[in-house]
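Chain IDs A, B, C, D and E follow the sequence of writing; residue 1 opens each chain.
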């Protein structure tokens, strides 16, 4: 556990957060601009001399009152919002800088070349850092931090400067950090799609206070969060088992709540249990089974709960598909037209094409506390 | 027209672009990290001493060969990727700096307070720039540039550091720049949602070359672009007329191709003609009219064209709704199951909730060349 | 044996020649260190390793003796300096130096600082004797020592200056231009005294060199530079 | 002991103020050019600006005397133009001080400009600031610490220096006899008591000025990380 | 004319190298402390570091002479420890030069450190670099331009300065008679020809050294915009 209970006061801004971060997997730190995300990371890293309170990393006291363990002894990696490459070194120099200072991690070697190829840094190695584009800079910064083999990665909006394809290329690497290195990640972002793709858990900050925490989907589904938090992306996660593939149509069949569902083909063996994210806005409901529609997934379901959102066109319906809970986002008008009430038997319509690559949630790397077990721990 | 035909050579990178930017509306400059977007902006702004070729802004020659008009005489505003606030001034000082140097724009006053409230800068005014969060910095930078009342705005990923709500708050202001100020905008981004929400036209750069250009939807619909460009967001834009509002259900009715469509309520008077973006993946097709479904918009349509994407699950269908062209994204399996062929009569199913606030395209400020007509032009 | 001898700047050229001659004859080595008289006084007070001092005045050796820094009874006048009015411009000075000093076109007269340099004090006396001191106040510029004064004239910045005659007569490097040797009755003799310092007690080279200074051979050399000897 | 004459102190302060003012302006121009140029001459010019330091002040003063005297090229022009000589005048010691202290102004300014880089100037140009405007309104306040360094080094050095001033100025009371010369004279004439008083006064005075300057700099910090 | 004696030049170079080396190290420590401290003493210490400049070199030399002589506190200690006197020795003129040139090292370094800010040090700490490591491997190369300025000012000033060295060292050939004193003496003793030769040689030599240094700096640029 990384247990913090800290206060930081600026003129006009006051951060006060107590939280226990499990040392495993990826925790997203999510919140609007100016809510204190970067400040919180700086306190954890030991870079903020003005913070008070306690920060404990497993058995180590990193901060107690105003007594702080020096930042460089904490073994945290920090991908800064503004990259902070060393201008006097070229790209390779920046990477080697970190590599030379890394602590050996027995068994799990992950060398210079691996990082270079994973982040596609090869063509940049001989470049001056001043001659990098914004996105290139950020990739180098991520690579540099990886090569230092930290015990805890703090990442401050590392992908904001990257395009979708590059993002897509890097996200899986970040997602695998906890597994590959045993290094837990605290990941600051305001992009909800990054949260949903990467994180196991999330902590929502708002104006210096923690307003929500928990597994990503639980948090996203909470009705009391401001809609801009990502209502549009909100949904539910269902456990599903891969039944088989239809290579001809490039489809994969899954079993969800005893029924069959199809999605664009994924490269996983039959029988694998996956977590499937279903966005509420991609779910329609029908009172009779439609025919001749392109929508391939028509699941029998029961309405559990209906939450109409006043002053808006929308209502959110919680349904059960053979015990698996999903959410549907409809207009209030449709709810009325179809006469939906809790208990109604309905058909849930889910377009197959609505499952993009974000749909499969990484099979959570376990919330187990990693202290002393991860390869990166055990040294001061 | 801003007509450029320029070359810039770095070791290992070569930018060569000829293009004519209409001086009206918003042109998105889109492309992956490192493709040369920032470099191109710098050449237009006159900040790159190493570029060759010509840059002409209306009747003015900004660059001819290596002879360049000094950057400060061009009257361009530039929101830099890294904000570049003046550290010796507080936030108000940064804004006033620009304001004092602005050229008067007769008639269309847009003062300090307007910018401050539009960008929610009030609480930051007395702050040192060093005490701003990443997103706050970027908002100040946008405000500062606005206050200088440029003749052409160059924006380099200005919203990358902003959360969705703030983004949503600022996007409309950026979208209205061409109207309110008569200032055309060239907007660099790698976020396809910003392109679709903001831009009238887009130019796609790839490795220093222009690979596509044109109206946003045409470009996004092009099948030869790499899928990561934003296939997921692709769609079509339909002209629609507002028929009326249903205040009770918070819905707005529109006429599209002679048929009626409902979307979450928008605040526009009856009779207004708008451009409505319909994402291909939100459109399903049916061969018979479904009943008892929550999907409110069921439009009669004809299949015009079917493009199956080899090796994927997907097919893209061009349909006509009373002459208006829309796109639908289905699985290839469904196309086969429904036996769709060009000419098939179908029903297009479009969820009302699929229209978020991005759906309404700003009614393009006309592609007319703004020279001498815009209030910001006419001075050197 | 070797000795370190501190020498006033105006005598440095002569002292060099003398030390060579002395070195050749005695086998001792005399190393010279050059300084202004005031500076040398301060350094000696702080334990400078000088064995002997050839001062530019008589007062400083007296003070040193009073302060107990010297070997008593060894003080003597090794040279008497002479003052000259000099200009590199031959037409500036005719037979009568006073005329040159009252010329309407004269802008600056350089003298050494009378408070610091014996040659300066002498120049002041001479000007007072000529009745020109008050009238020339506007035109007088001062070097801190006679060397700087010489530079001011040599560079042409001051048209005229009171310099050491010895500097004009340097056999290796005779100065051009015009000079007027200031009549000796216009100023008190510029006695330059030498002393054996405590650090030089028992130093054969230092004692020998001081003795050599009084030899006729040395006195000839000294005279050849324009000094008088007693 | 009498109260020491305040004349040399005022003269020194005037000299130091004027020299510092001239050098902050001229040094800025030169440092800015050096920081921005891609000319192949740059290392040569940089080397030349440091050269005045290499010669002993009195010797440099001697050469300046030659150049500035009515027989020299510059002095001739000045004489023709003003009817007065440049040597042994206040104007002359200002020129001498400016020349000698040049590196103390140029070098810190150049270093600061180069460390700041062109980014802020570009940002200002994009807000329609002319290069001059941008320099005044953005670059120089950002370079405040560099200016402070340049000013302190130049000012203090001009107060303390006397070799060049002595030679070029001729130590004329009320015109060119600055405080450093006065103190020097007291030491040379073995009037240590007067030297102590003057030195102590100068040190205390300078210390107070410097503390004030640095404290102000702290209250209005420029660009700090 | 004979070839001038090369001894004083070597002595000057040794003195300048040693002084510069000492000051780059000691100046770094002081400048780093000043750049980072929030102590209320900061403006006082900053003012004190500039003070050596305010006194005329000869006068400063005089006070140093008093302090370093065996009658003074420091000189006493030195004498007891080494059996030699500090005054009129090479060690003594090194101390004098270090003291006098302190501002030329501290001020540009501090200005550069402050302009760079703490960001890079933080980034290095996050890569497990100790503060010392981070300083050596990140801050100092980024501050290259500041070091260059400090080194050039210190080096050139030590070569050219003679007041302090003359007073403390006593112009003893082979021990403390450096080139600047030699040139000064030639001028004072009206041996202008020798002075010209030495001055020209010194200028050319220094110029070449400086051009080389600046050209290297250009080829391996540090942090530029």
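Note that in this section a contact is a pair of C-beta atoms (placed from the backbone, for glycine too) under 8 Å apart; a residue touches a chain by one contact, two chains touch by 3 or more.
For reference, the UniProt names are A, B = Molybdenum ABC transporter ATP-binding protein; D, E = Molybdenum transport system permease.
From a predicted model like this one, the values you see are computed outputs, not experimental measurements.
Trainee: Please report the minimal path length, in steps, between chain B and chain E on the chain touch graph.
Mentor: 2
Trainee: Please identify which chain has its centre, taken as the mean of its CA atoms, farthest from the centre of chain D.
Mentor: Following the centroid criterion, the farthest chain would be A.
Trainee: Give, as an integer number of Å, the spacing between the C-alpha centres of chain B and chain A.
Mentor: So the centre of chain A lies 27 Å away from the centre of chain B.
Trainee: Could you state the distance in Å from the CA-based centre of chain A to that of chain D?
Mentor: Chain A and chain D have C-alpha centres separated by 59 Å.
Trainee: Please tell me the distance, in whole Å, between the geometric centres of chain A and chain E computed from their C-alpha atoms.
Mentor: 56
Trainee: Compute the distance, rounded to whole Å, between the mean C-alpha positions of chain D and chain E.
Mentor: Distance between chain centres, rounded to whole Å: 19 Å.
Trainee: Residues touching two or more other chains, restricted to chain E: which are they?
Mentor: 58, 62, 119, 187-188, 223-225
Trainee: At which residue positions does chain A touch at least two other chains?
Mentor: Expected reply: 82.
Trainee: In chain C, which residues are in touch with two or more of the other chains?
Mentor: 39, 42, 148, 151
Trainee: Please give all chain pairs that are in touch with each other.
Mentor: Touching chain pairs, listed by label, come out as A-B, A-E, B-D, C-D, C-E, D-E.
Trainee: Across the complex, what residues on chain D touch chain B?
Mentor: Residues of chain D touching chain B: 119-120, 122-131, 133-134, 137-138, 141-142, 144, 222-225.
Trainee: Where on chain C is chain D touching in the complex?
Mentor: Touching chain D: residues 36-39, 41-42, 63, 107-108, 110, 113, 115-116, 140-144, 148, 151-152, 155-158 of chain C.
Trainee: Spell out the residues on chain D that touch chain E in their complex, using ranges where they run on.
Mentor: Within the complex, chain D contacts chain E at residues 42-44, 46-48, 50-51, 53-60, 62-63, 103-104, 107-108, 110-112, 114-119, 143, 145-146, 148-149, 152-153, 156-157, 159-163, 180-181, 183-184, 187-188, 195, 199, 202-203, 206-207, 210-211, 213-215, 217-218, 223-225.
Trainee: Chain D touches which residues of chain B in the complex?
Mentor: Going through chain B, the ones touching chain D are 45-47, 70-72, 75-78, 80, 82, 84-89, 97-98, 101-103, 130, 144-145, 148, 150.
Trainee: Quick check: in the complex, which residue numbers of chain C touch chain E?
Mentor: 4, 9-10, 12-13, 31, 33-35, 39, 42-43, 46-50, 145, 147-148, 150-151, 154, 167, 170, 173
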